[in-house]
Amino acid sequence: MTKLWQKGYQVNEHVERFEAAQNSMLDSRLIRHDVWGSLAHVAMLQKIGILSTEEHATLKNALRSVLALEATHEFSVLPSDEDVHTSIENYLVTSAGATGKKIHMARSRNDQVLVDLRLYGKEQLHTVAESLTDLVSAFLEFAGTYALIPMPGYTHMQRAMLSSVGLWAASFAESLLDDEQLLSAAYRLNDQSPLGSAAGYGVPIPIDRQYSSDLLGFAHVQNNVIYVQNSRGKIEAAIVQALTQIMLDLSKFAQDVLLFTTAEYSFLQVPQELCTGSSIMPQKRNLGIMELVRARMQTMLALQQQILGIVSGLPSGYNMDYQETKRPFMEALDLILESLNICTLVVQNLSLDTANLVKACTFELFAADRAYELAIASKMPFRDAYRIVGAEVTAQLDRHIPLPVESQEQLVERLKARSHLGGAGSLALEEVSTHLGQVQMTWHERTAAFNNAIAHLVGINEA
Amino acid sequence: MTKLWQKGYQVNEHVERFEAAQNSMLDSRLIRHDVWGSLAHVAMLQKIGILSTEEHATLKNALRSVLALEATHEFSVLPSDEDVHTSIENYLVTSAGATGKKIHMARSRNDQVLVDLRLYGKEQLHTVAESLTDLVSAFLEFAGTYALIPMPGYTHMQRAMLSSVGLWAASFAESLLDDEQLLSAAYRLNDQSPLGSAAGYGVPIPIDRQYSSDLLGFAHVQNNVIYVQNSRGKIEAAIVQALTQIMLDLSKFAQDVLLFTTAEYSFLQVPQELCTGSSIMPQKRNLGIMELVRARMQTMLALQQQILGIVSGLPSGYNMDYQETKRPFMEALDLILESLNICTLVVQNLSLDTANLVKACTFELFAADRAYELAIASKMPFRDAYRIVGAEVTAQLDRHIPLPVESQEQLVERLKARSHLGGAGSLALEEVSTHLGQVQMTWHERTAAFNNAIAHLVGINEA
Amino acid sequence: MTKLWQKGYQVNEHVERFEAAQNSMLDSRLIRHDVWGSLAHVAMLQKIGILSTEEHATLKNALRSVLALEATHEFSVLPSDEDVHTSIENYLVTSAGATGKKIHMARSRNDQVLVDLRLYGKEQLHTVAESLTDLVSAFLEFAGTYALIPMPGYTHMQRAMLSSVGLWAASFAESLLDDEQLLSAAYRLNDQSPLGSAAGYGVPIPIDRQYSSDLLGFAHVQNNVIYVQNSRGKIEAAIVQALTQIMLDLSKFAQDVLLFTTAEYSFLQVPQELCTGSSIMPQKRNLGIMELVRARMQTMLALQQQILGIVSGLPSGYNMDYQETKRPFMEALDLILESLNICTLVVQNLSLDTANLVKACTFELFAADRAYELAIASKMPFRDAYRIVGAEVTAQLDRHIPLPVESQEQLVERLKARSHLGGAGSLALEEVSTHLGQVQMTWHERTAAFNNAIAHLVGINEA
Amino acid sequence: MTKLWQKGYQVNEHVERFEAAQNSMLDSRLIRHDVWGSLAHVAMLQKIGILSTEEHATLKNALRSVLALEATHEFSVLPSDEDVHTSIENYLVTSAGATGKKIHMARSRNDQVLVDLRLYGKEQLHTVAESLTDLVSAFLEFAGTYALIPMPGYTHMQRAMLSSVGLWAASFAESLLDDEQLLSAAYRLNDQSPLGSAAGYGVPIPIDRQYSSDLLGFAHVQNNVIYVQNSRGKIEAAIVQALTQIMLDLSKFAQDVLLFTTAEYSFLQVPQELCTGSSIMPQKRNLGIMELVRARMQTMLALQQQILGIVSGLPSGYNMDYQETKRPFMEALDLILESLNICTLVVQNLSLDTANLVKACTFELFAADRAYELAIASKMPFRDAYRIVGAEVTAQLDRHIPLPVESQEQLVERLKARSHLGGAGSLALEEVSTHLGQVQMTWHERTAAFNNAIAHLVGINEA
């Protein structure tokens, strides 16, 4: 296809492939968003008198037919087109003739790709937030069900103190809710309209950036046009940084599950439907999905590094280096969605081996408790009590004559005694649930506002 | 010195050095924060009846004398102490005897280090925010002074369109203000009290976590005690992620300044007091500080990577791996402060070579303008006008007979014509200044609230 | 399709997709290599008496028909197959019945994937080495053509000393030849046969690992079977580390070309066939390929980080995390090949603007030369001469009365005077060419030995 | 102190601090190396007639007195000096007057720092190689002692197949020996003399680069002077990449030890002298050193990332960004040395709980063995035997009626049956030891050659 800037010579085919092969594939995901941006742009051009009502109608119809084609996978972005913007402008010229050639007035592709990625980002983050809150919900339900099941608490991977399954599961819920705050901060940065920055230096035409921003449902206009261009990659990085925090929690959950399902721990079980086997060892039931979540934390980190590395130290203004940030941005969003959903599946299918959990709550977990008791009972300084108990416990461990494990009931009493804020006896699951509900509400409102703006822009009611 | 856990054997000296050499050095920065945490802890222990009023007073006085020693650099953390917590407990035992041995009741060092780092983080972020807003202020002043000085705008490092010095400088101000939003989000995550999580599994004692949190000026208690421990490194990473965004802007500014001060561009000048020379080439005036800012963006990225890499995939509960996150966290905060301040110094000392700037605004910058004019004047589709102008300009460039450069006045008129939101003729510096003022107010309030809480906790009025 | 380990239950479809969607796509590249590994394995099984001659012949024929199908793109690896090993075993069972079910005796898929990746790596590195040496050759030719064309040499991005185009171009040739040493070291680590490690713990059957290693053309057997498995990802990382070094050179070349083709420098030109344009600025000729090379250095770094991050801290033995290293490994190899070839294209098409180069060799470049002359002529200590010349030059620069530029002939004389090893007057291009020839020879021998072994294994002569 | 380039103005103190505070501290490690470089330089200047014999003698004596001062920690590099080169030149001017001012003829500080870092790198790598081979030796001894102690082999962190302690320990020895190849490749790149590149563009004086290279004990001269400068950071990165590979092995060892010393596994024990305790849980014996090794793998990765990130995309010629690579380079070398030594300490102190190891070799480890036996005995295809055994084992596992564990003797017989190359019954420890011996010899020769050259250069015999 003709490139927008083509002026009588053919670009070298190796150059074309090097620049556009990957990009055109990625741009296939941005067809709808590019159309939306163009719909807002032409409405604005009509408002300021650059396009007549008829021209606007012609372009709007042609753009809507791109949406129709896209819906049935009939619109494609070829490597020879370079990018989705060119594909669509070429389509408009073909279908709307001279009017089609008017669409690029007062804008630039640098502008368009920013609009497309912001809209894509918003849409994806709506879904990410839904998956995130679903997972929080699953953790809270699990924590509620097993709130007072005893479990050893570890430090340095060594048995340390009494803990509970509820405390463990609820810790992930709270962590993910904190991540949501970072996600929302990145969402807000992304929720600014770049449209109208053109090539990064504006245009000598009195375009109405506020109008197109409102049509696209953005919270506000991103003002300085150089900053608009310079924020390419940067805002994507802010989003991926938030995703990294989520993935960090998932990697910890994965590592815990992998440990707790070993033969040696045997605390948790996962149904065989979630496991895969070995081609050589008939007995194996491997929890590959948790291994991959653990590994994909590293992939997420690499994507974060890639985007930030690319944009570091670039001079102001558009540089084609930015194009290389598109793929890691899209992959990071795919990755988090798949990982959140797979973790929800695991949480919903985890079962406990309570007997093993109780058995693992061996006497040394209570050494600190005994030091506390001794300190209080004998009005002895804690550090002295600590040394006395320490000597006892060490002796017992060394002589391999450990005290018997307490009964589950005794352990539950101990758990209940951890009654301070956030202790095993005071998980505050209801408060966390209430907070979750508020978070869900915020995201539902964001999603609805976006969908309404787009529906209005496309003119679904008129159709 | 005696380790808190020592029970009759000597730890291997290589082990001691491997674990504690670096840590004790870093902990020297945390003496005040550790004392503050202990003051809140003992006040709480007295409130719930574990300590008598007298014991509380004794401990409080001893802790205050640590602050006094620290102020005159007479309190030190030795490698043989392992950490600041041990140094201070040892001091208390020495100075307050049996009462000193009571302080560690119902808490853990895992707990303390979290408190220390949160308080350290808050203090540092108050300073970072001040340096950040100072730099924004310097950019805005510079942008105001040179608002309508013409400058070529670049894309792909090639001259693209007319820009202005004001537009360029203001772009950094807006970018940094967006970063502030990310910084505030991370600040809020950090503003949660971890105190009372003990070793990560709480204590069988009805401690009052809300009380100690309030005393320390935290916004609220971080609830789930496992999550508290699991957030070690994680919240530090959230802060460093925000710092990375700031550094990204600084690296772009540095790269621009380095380009614009070359002999080839000669747009900007920096006084020789900010430059360093060569040992062999007598003429050299090198802007090493900008090269180092560019390089330190990579250092910041590496610190972000280091913290996140360390905490990835760790099982729940404290792991000593966390200790290794302390240094990159502190270094990242040092790095951003120095870099912000050095950039402010540069902005305040930059001068222009206006003649060169005007001369560089060569005719090809206006090709798009001419295409717009042609499209509007001849009611021609933009794409057709683009091709006509493109052929003209290319021919002129190829025949090396460029059109003459316009006068500065003509260029200023062109700049004014970019009158849409965020264009060179409409920088909205006042609105940005107003926003800056609000941001400064928010941080002043945060700083004041923190300082008041600490003053009250230490009992400065009583002294 | 049936999984090899399937035993009466269906794996959850989300799990299947999470684990196998990407993997099966990547495995489509490994069909040939997997067949080669199987050919060696069955030959070995026959040698030690596990397979009869007939069974061997049956399996060999079936495996050869996979190669035939692959050659015409008729053999595919479906997500439901999990991986290429399963696809091929399923094919063998279908086409060879009970004999097909015998192939997996005494091996594991963990084993196979290592064999496949080692063979894939060897093949790819042969091509990388060819592209690398082609680029060195292009640089040497360019350096020879323009050996004595003057050019300013920069430090701190400021004009520093006289340099030459030849010196600049030859620097890349030497750097790439040093990279080749790192590449060869990684190649040698990769050139070890993993076959026979089975699941990482060997088999209780006297397999002949040396025999299969020889058949596959490996330099030697990788001995310890746990180490074999633990080197998954590790050896890939060693290769990618070497590729990173190559990419580092290319990124420097790209940055230089981007600077030297700006309007401000105007030292170099690239034909428009290698450039792309702007959709809005008709005059633009952007060297996007060099911007992408610069950006892809960061992609390469991220791939290196990803692989090493994934394998860090994993316990011994196969973990499914390894699967996540396959993609970055393959992408890194693709990336280096495309980048090397595009750089060769650029070098072969670069032209100079000699007049501009000469004009840029302004008088301050010779300040050090004059200090040397003064020191020698007046028997003055260098540091004193430096200060005298420094004062002169600074005064001239400050008063904007620079000395006139020397003629090209004068500059060439100066270049020739840099006659010490590696100076502009003594590039030693012939010695470098000789070294290049030896490197090419080494790689040709490696490639030939590999191709011969594979041809013999497949039995091309017999066909 | 006076800077070498100072010409009548004071540099801003913030600038001085930003550029030199860290650098001067790091440079304190390079005093000896800088003197060595200067000794070679002045010897060369005398050889080519720039310095008289007397001047040479004066400078040589002055330089030797720097070495004497350094040996007693009386020579320091102050921030106001910028760097070690300035400190030493200032010292020479003070102690040798006008002759001292002659030393900087025909060289540059860019040159010197390269020389210093190459020599520092060589010295450090000699030590690294010694520590590395010591650790290999410890692993081999451990493997020999426990060659046939059974141990479960894991895949996916699940019990998979029979393994042995010897196989496990020897895997690290072989992995580290492969790393040594990468280290040697990086060593060879580093073993090139940069001296004479001056500021990166050579000098118009017929210096004898080969002579100074020989005096310093370099293997050869690094030719192209631009490449010399461009290799700053690059060769450091090559070294750190090799160190990363070593650290990767150590992190795996650390993770294994941490798992195998949990209460749940209880395979290995470490004496309490290598452990540290808890301030609150008297029973804890934490293996913090192994946690730190695991964490420091991430630190190493970050250092690798930092160096490569800094040098990526820099234009040719010296840029001050390079200065920022000095610290991560030095830290990486420190890190690897400490980590290697601490791991050797652990290996030398590890003891086994053989009873637990045997008990953990449960029947499911032998499922593949039984499938093999069935296949061979019944001449049944492996895949059919696999399914039959799989059904049996699964049923036993599900009904929780596992077969009894075999005796240690039976297990040893099974281990011996893994008699193929690299199997548990054929560890080839002697061959590995022989290889280790050759490696040690190579490094001893390198170290000796270096020490001899330096001794000769300094003129120890004459003293």
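Letters A, B, C and D name the chains as they come in the text, with residue numbers starting at 1 for each one.
As a working rule, a contact is a pair of C-beta atoms (placed from the backbone, for glycine too) under 8 Å apart; a residue touches a chain by one contact, two chains touch by 3 or more.
Quick caveat: nothing in here was measured; it's all calculated off a predicted structure.
Of the two chain pairs considered here, A-C and A-D, the higher C-beta contact count falls to A-C. Of all chains, the one whose CA centroid is most distant from that of chain C is B. Between chain A and chain D the centroid-to-centroid distance comes to 37 Å (mean Cα coordinates, whole Å). Here the spacing of chain A and chain B, counted between their Cα centres, is 24 Å.
Chain geometry summary: the mean Cα position of chain A and that of chain C are 32 Å apart. Within chain D, residues 4-5, 7, 89, 104, 155-157, 160-161, 198-199, 259, 278, 280-282, 284, 286, 288, 291, 294, 298, 301, 305, 309, 312-313, 319-320, 368, 386-387, 390-391, 394 each touch two or more of the remaining chains. Residues 155-161, 258-259, 262-265, 278, 280-288, 291, 305, 309, 312-313, 360, 362, 364, 367-368, 371, 386-387, 389-391, 393-394, 397 of chain A are the ones touching chain D in the complex. Only residues 4-5, 7, 50, 89, 93, 98-106, 110, 153-157, 160-163, 167-168, 170-175, 178, 181-182, 184-186, 188-189, 196-210, 221-228, 230-231, 234, 237-238, 241, 244-245, 248-249, 251-252, 254-256, 259, 294, 297-298, 301, 304-305, 308-309, 311-320, 368-369, 372, 375-376, 381-384, 386-387, 390-391, 394, 414, 417-424, 427-428, 431-432 of chain D touch chain C when the two sit together in their complex.
Within the complex, the chain D residues that touch chain B are 3-7, 9-12, 14-15, 18-19, 82, 85-86, 89, 104, 107-109, 198-199, 272-282, 284, 286, 288-289, 291-292, 294-296, 298-299, 301-303, 305-306, 309-310, 312, 319-325, 328, 338, 341-342, 345.
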